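Which chain is which? They are A, B, C, D and E, in the order written, and residues in each are numbered from 1.
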Amino acid sequence: SSGNSPTSSGNSAAPSTSTAQETPSTKKDELVVAVNENFITMDPQNTGDALSSGVQTSMYEGLMIYDKDLKLIPGLATEYSANPEATEYTFKLRQNVKFHDGPPFNAEAVKINFDRMSNQENNLRAYRNYKYIKSTEVVDEYTVKVTLNQPFSAMINKFTTGIISPQALEKYGKDIAKNPVGTGPYKFVEWVQGDHLTVELNPDHWNKGAAKVAKITYKPVPENGSRVAMLKTGEADVIYPLPEQQVETLSGAEGVKVERTPSTITRYVSINMVKKPFDDPRVRQAINYAVDKDAFIKVVKAGYGAKLESLMSPTIAHYAKQGEYEYNVEKAKQLLKEAGYENGFSTEIWGNTNSDTMKGMQFIQQQLQKVGITVDVKSMEEATLSDEIYNIKSPEEAKMQMWYVSWSSADPDNAMRSLFSSENFPPAGANTAFYKNDLVDKSIKEATQSSDQAKQKELYGIVQENVFKEAPWIFLAVDEILYGKRSNVDGVYITPSGGIYVREAEIK
Amino acid sequence: MEAVKEVSQISLVSEEKKRSRMSEFWTKWKKQKTAFWAGFFIIFLLLVAVFGPILAPYDPYEPDYDAILQTPSQAHWAGTDEYGRDILSRIIVGAGISLSVSFTSVLVGAVIGTILGLCSGYYGGWLDRLIMRSSDVMFAFPDLLLAIAIVAILGPGLTNVVVAVAVFSIPSFARLIRGNTLAAKEAVFVEAARSMGARSSRIIFRHIFPETVSSMIVFFSLRIGTSILAASSLSFLGLGAKPESPDWGAMLSMGRDYLDTAPHVVMIPGLVIFLSVLAFNLVGDGLRDIMDPKTKN
Amino acid sequence: MSKSLVVVDGIKKTFPIDSGFLGSKKSVKAVNLVSFEIKEGETFSLVGESGCGKSTTGRLVTRLLTPDEGKIWINQEEISKMNENRLREVRKQVQMVFQDPYASLNPRMKIREVVGEPLVIHTKLSAAEREKIVEEMLDVVGLNSYHADKFAHEFSGGQRQRIGIARALILKPKLIVADEPVSALDVSIQSQILNLLKDLQEEFQLTYLFISHDLSVVEHISDKIGVMYLGSLVESGPKESIFANPQHPYTKALLSSVPIPDPRAKRERIILQGDVPSPVNPPSGCLFHTRCPYSMDMCKSTVPRLREIEVGGHFVACHL
Amino acid sequence: MFRYIVKRLIGIIPIIFIVSLLIFFFIHLVPGDPVRLAAGKEATLEEITRVRQELGLDKPLAVQYLNYMKNLFTGNLGHSLKTGLPISDMFENRYEISLKLTFMSLGWALVLGLVIGTISAVFRNKWPDFLGMLTAISGISLPGFWLGLILIQVFSVQLGWFPTGGTDSWKSYVLPSITLGAGIMSMLARFTRSSLLETLKEDFIRTGRAKGLKESVVVRKHALKNSMFPVVTIAGLQFGFLLGGSVVVETVFSIPGMGRLLIDSIAFRDYPVVQAVILLFSLEFILVNLLVDILYKALNPKIRFDS
Amino acid sequence: MSENIIEVKHLQTQFTRDNKKTVVLDNVSFHIKKGEVLGLVGESGCGKSVTSLSIMRLFKDTTGEITNGEIKYKGTNLLSISESSMRGIRGKEISMIFQEPMTSLNPVMKIGEQLMESIRLHLGYSDKQAKEHAISMLTKVGIPRPQEIISEYPHQLSGGMRQRIMIAMAMSCRPNLLIADEPTTALDVTIQAQILDVMKQLQAEEHMSMLLITHDLGVVAEMCNRVVVMYAGRVVEEASVYDLFDDPKHPYTKGLIGSVPKLGQKRSRLDSVPGNVPNPNQMPKGCKFAPRCKEVMPVCWEEEPTITATGSERFCRCWLYREESRDAHV
């Protein structure tokens, strides 16, 4: 039961601006969270976008849970153990947990869920991670043992996938995507396509009392300005993302708070290392020296963000700071000269059509202009872009020269293997820089096969060092997660990976 | 004696008339007060468009990261944008881009649309049905999809905006001209030409086409307004000109994130677009008033 | 007498009309089995009330419309099925003058171009040669070269009609189809044009198919007259015979309805009852029976044939 | 009348067929791969192949088209590639919202357009006319998203009269419908004005005046109704435009309507949804025009009803 | 003789076009007696319609304005009363029929409604009374099935029927003066005969005065008691119908009568008036007819003649007759 008294009203209606009186969202026991995109699915095992999974965390829980700082904490499992080779995981499950539709949560339920995900035929997104599972055994009512078919140390991060009620799975089949039933602190109420998704407090939650808001409504509001306006008027209690440019106006506004957290999102320009002149590391380094990261953060990110000093965000485990390519036009010119491009060259940069991306690309263009590199900015509609980048047969065929893009990952494996392992050249993967370094390949592989944290740290350190040195990217920035809240809202966080953490939501 | 009298009278009239065909237009035009001033504004715009690069006080592409998002001041009359570029200079240089894009696109649309409309209206039958049904489909077809396809084929840049906007203009012109053609086809002088034994080509181009010109001019000027808007909407969806180009629509859509913090970045290009479109519409309306014999007082 | 220039034999023309809402196809029998003959140098007039098919007949004769049935010969050549190319040759011989002197001249062309257009279409004359002929022609119709560089709207109705006539004459045609050439003109101007038409006929040996709804005008200009009612010829014959001895009740009523500009003229008025029936649903039998003061039973069922009642070619279609 | 309607309805079938064919091949020709987008950046080749197979996108285009048509004829619009949901489900709510938005826009555009147009015509060449027409021309000269953003700033943020968007109550629709309707209002105002001016020149208006009727009666009872026919036609045509043309407004006001669904689906190359939406729009466009025709004829006593 | 129902004196009306004022009626004077039919003839554009519109003051939405003169209806000057009093006269005291029966009725209003509108307004009848009155009016003008016709729309009727409706409408409030502006010009001869017949009958029955505007001398001869001939915005001749046809005075009148082809009169050439009506903006200085006149004299180019009496109830504006009488006509 929520400890909120229904009369604790008025706090959000209080702001002196004449705005917020009547808007429905200001009723004390309901939270409106405005986000920038539509939710795609509510099947946690078939989710690819951060936003959908962000919403799902209110209804679903995995064996493990990411907390608001992206630390793994026990979820439906109270403890776990793994063998040193990282091929066997044993979980002790939490007792007295019930699914929203009634049945109790137990080992059988876990098995059903894991089997569902590890079965290729089901064609679920989660298969990508769960394909490593050879078998799932019910040891007893509250113990499960998972055996992998190969060592995979990052697997523990994947056990955060939400567990679905087997009864509901039975009942809805594929339609579970529209009718989520889990164990989380909130129960699904309704999802009006494209409009909003509402959840209500789960009175039977095992961690009862942590979340205190009776109802949460998630609303997609694609236009930045509108989202901000909604926060100001009180139509929304939490908005995410908050465009950097708008922070300033909001900071002054009454009744509104701006929150910042470092994110897992890295912003960079991927450089095609196969293509001339980018095959020369001096050129890539020169470019890195030629871009003023401070100015980038100031101009493009309105001052919110940190320099990218490795290939991933410091929030991710095993982060190893590498320093920076300090802004130095002379050095850049010098390097270009050494590489034989004293007079610069022409190239193009690609990016999608978001206004942020276009801003960033223009910035790069302006910066490189100063060292004599003429950059043609090509913004392409996302689908066309991904077609151009990924649908190629061989690296030589790639037309991309530079790509202004970002990447978000929750664990080091994802951050490194996907982007720098040579097996992941397009079309097979996202190594769009066509970065290839045997040492890096080897280190990534070994790291995944060891559950020894210290060893992992060392291996991932090697990767970061090498990559940074060879500069397959222009290392730009780590985004800050910026979100706005009404000041009476508490316990709602946006996690560094963009999840919406409402397990302790409260309105004061 | 009398005949001479009559003749001299008439020749007098004709001298006057000859001189007056332009001046008659001018007199009428001067009376369209709003359109008259709007016309001046457009001429001003055109001059700016042509001499933009000379007139611009700053380099429209030159960033100044120490002066970003400055409100209008002595140094920057219209303030600076998110890279510290001078907005006034961008608007001035952008005039050329925006106007030539809309002008070219409407011109292309008008030429193709007119030919289709003339054929459709004159020949009728299956050709008419084909053209008209196709334009129905075009009307129902989402602009965006077409724009994406065009961008995909031509690559990003201004050409695709021109083509996209031109393609959207074709069916409207075709319909307009078809309507006029149908009316003109019934004109007695067209029948007279047929009775003389004139060929279709002569009838279409010598007799019917001139009848459609005035409404085409009117529609043309109105359509330029629309196409400035359409081009800027494409920018809004990220499909327009190069992001760095000072195209008005791009400025507007890039600037919309600053509506709160630095409203001048949006308001000023928005105002310029609004005024230009307004001017073209007013001129179009004025032209309609003096060209359409029906609205003569 | 001279030979026949125009022979029209049983022509029919039906226009489909889209009655739209019900989607049912209807049609107007605009011209139904009309036959007549015009000798060279003669003026044949068609009279009748609005919508009776006069203009349609005129258009059929010039092949601006193609007859559904029947045949038309011009100068011994059958033109009713002729293709466009050969027709263009025939059209040199046949020119038209239209009712509306303003609408029939392209407002965007100078008079020089308007009048010279037939030359452009049919001859390969140089501009200078054309100009000369145009000026001659303008002179013939009482205008002069001062007028050549002006536009139609700068002229009065009568002058415009003169321009129309000049254009029709420029190829020296044999036949001129004049569709109500004076109806839009004021009486004082109308008389100028009628006189001009008569003069030109003499000068150029023209043959006229003259269309009018005004009996007094028709009487003045014609040699022969055809009276039309609802698409059919109800009476035809030499002018004298028709006016002196009208046979068809409709012709009689028509004659008696014409107001006479003489306050002392006393005469028997035949005032018809009712309106002209719609050509979409024409009456059965004799088309006139709904308004005919002498209507008999057989008139309702049987269509009267055109028969010759007097030698010299006076025909009438009436059961009486 | 019945036969007429049936005939027109039958005439729709080939058009829809052509439209569907056009859309189908067109959208498949546009570069972009829904499978790649669905599978995500990290997808492996194997995964992509699997998804492609599952979605049936590995088959030749012609086969895909036939399947699509087969489904269509059984009333099955198919499933979204992106969400996997049945398209009819995705439409349900969005369509209602789009209709509401459309009707509200059209509604106020009609009322205001007629009022402004009438005032302008009656006071032509005087200041009310000038003001009215300036308003009207401004209405079509404003970039839609600019107007929308400004309305939000003024009426939501500053004055707090209306919500910034959403679909919670009728109030939410006020600003978007103004933004969407502005252009149409302007057009209707201009059409009303010119149509009324034409009508006021008609002979029967003079007849009315010669009867001794007051000018207001002449305008109201005689002129307005006669001026309405072209206005009705324009309003009908604009209805079609409204349904499809609301993308920008839906974006600015975060309204989950059909327009957004369309652009989101285009962005995702969600072929079945794009096809379904465009097909629906075309159908609407045609049907509304048919309706306008019928209404036009039914309202106009000149069209005979005889049997 | 009986009293004058209306007296028009020195009427001057002008239009403004392109900022230029054009005088269209100049010094037009005439009167109509009670129960009399006055014909107004002249060529197109000579100002016949403008005269009638001036009497009714129907210049709304045009640039026309009356700049001088007096229109005395039963002693009151119509030009000095308020617009609302004028509305009380229109349709009740003076009513009007227009040339174009096809467009003079409101196409989307039922016939009955259009008729009843003025009946209710001017006679203050209830709906029921008004309807009865409307039906009786329709019967009077010879409309078959009046009960049904009142709920029909104009397009369902033929031109002749519509003109009858217009007549019924104009007569429904028993006006003292009926102005008929070319009521039959647009109709076929046989229909014209029917309509003229009805008008003649009604006029006699109601003993109503009538101003009949036409350019057809035949119609004038048949319908009118007296005739006013206009040329270029001026009255050039006024006479009783017999005098006019027997002995036209003004060269223009003569030319007009001579131009008309008459049935049964075998002439190979028609007399005609040469030239054209002058453009209103380029009127000759003297007599407006001088350029076309066969009997033109030097004085005609210099000075415009005044209208002068040439006999009892006869007036003519021509220098030829100035010797006969130089008394200016009022």
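Keep this in mind: contacts are C-beta pairs under 8 Å (C-beta built on N, C-alpha and C of every residue); 3 or more make two chains touch, one makes a residue touch a chain.
Quick caveat, the model's predicted, so the values are computed rather than measured.
A.B. asks: Going by the touch criterion stated earlier, list every chain that contacts chain A and also contacts chain D.
C.D. replies: B
A.B. asks: Can you name the chains that touch chain C as well as chain D?
C.D. replies: Touches both chain C and chain D: B, E.
A.B. asks: Could you tell me the least number of steps, going only between chains that touch, from chain A to chain E?
C.D. replies: Minimum step count, chain A to chain E: 2.
A.B. asks: I want to compare two interfaces, A-B and B-D. Which one has more contacting C-beta pairs?
C.D. replies: Between the chain pairs A-B and B-D, B-D carries more contacts.
A.B. asks: Using C-alpha centres only, name the chain that sits farthest from chain C.
C.D. replies: When every chain centre is compared against chain C, the largest gap points to A.
A.B. asks: Roughly how far is chain D from chain E, going centre to centre by Cα mean, in whole Å?
C.D. replies: 53
A.B. asks: Where the centres are mean C-alpha positions, what is the separation of chain C from chain E, in Å?
C.D. replies: That pair's centroid distance is 32 Å.
A.B. asks: Averaged over CA atoms, how far is the centre of chain B from the centre of chain E? Could you give it in whole Å?
C.D. replies: Averaging C-alpha atoms per chain gives centres 50 Å apart.
A.B. asks: Using Cα averages as centroids, what's the distance between chain A and chain C in whole Å?
C.D. replies: So the centre of chain A lies 87 Å away from the centre of chain C.
A.B. asks: Which chain E residues sit where two or more other chains touch them?
C.D. replies: Correct list: 274.
A.B. asks: Where does chain A touch two or more other chains at once, residue-wise?
C.D. replies: Expected reply: 225, 381, 384.
A.B. asks: Can you list the residues of chain C that touch 2 or more other chains?
C.D. replies: Touching at least two other chains: none.
A.B. asks: Which positions of chain B touch chain A when the two form their complex?
C.D. replies: 61, 63, 65, 68, 82-83, 148, 151-152, 155-156, 237-239, 242-244, 253-254, 256-261
A.B. asks: Any idea which chain A residues touch chain B in the complex?
C.D. replies: That would be residues 224-225, 228, 243, 245-246, 248-249, 292, 295, 298-299, 352-355, 358-359, 361-363, 365-366, 376-381, 384 of chain A.
A.B. asks: Where on chain D is chain B touching in the complex?
C.D. replies: 15, 18-19, 22-23, 26-27, 29-32, 130, 133-134, 137-138, 140-146, 149, 153, 194, 197-198, 240, 244, 247-248, 262-263, 266, 274, 277-278, 281-282, 285-286
A.B. asks: Please name which positions on chain A make contact with chain D in the complex.
C.D. replies: Interface residues on the chain A side: 17-21, 23-24, 34, 38, 40-41, 46, 48, 120, 123, 125, 127-128, 174, 177-178, 192-195, 219-223, 225-227, 229-230, 232-233, 235, 381-384, 386-388, 390-391, 407, 414, 418, 427-430.
A.B. asks: Can you tell me which positions in chain E touch chain C when the two form their complex?
C.D. replies: Contacts found on chain E: 43-44, 158, 160-161, 188-194, 196-197, 215-222, 241-242, 245, 255-264, 267-274, 276-277.
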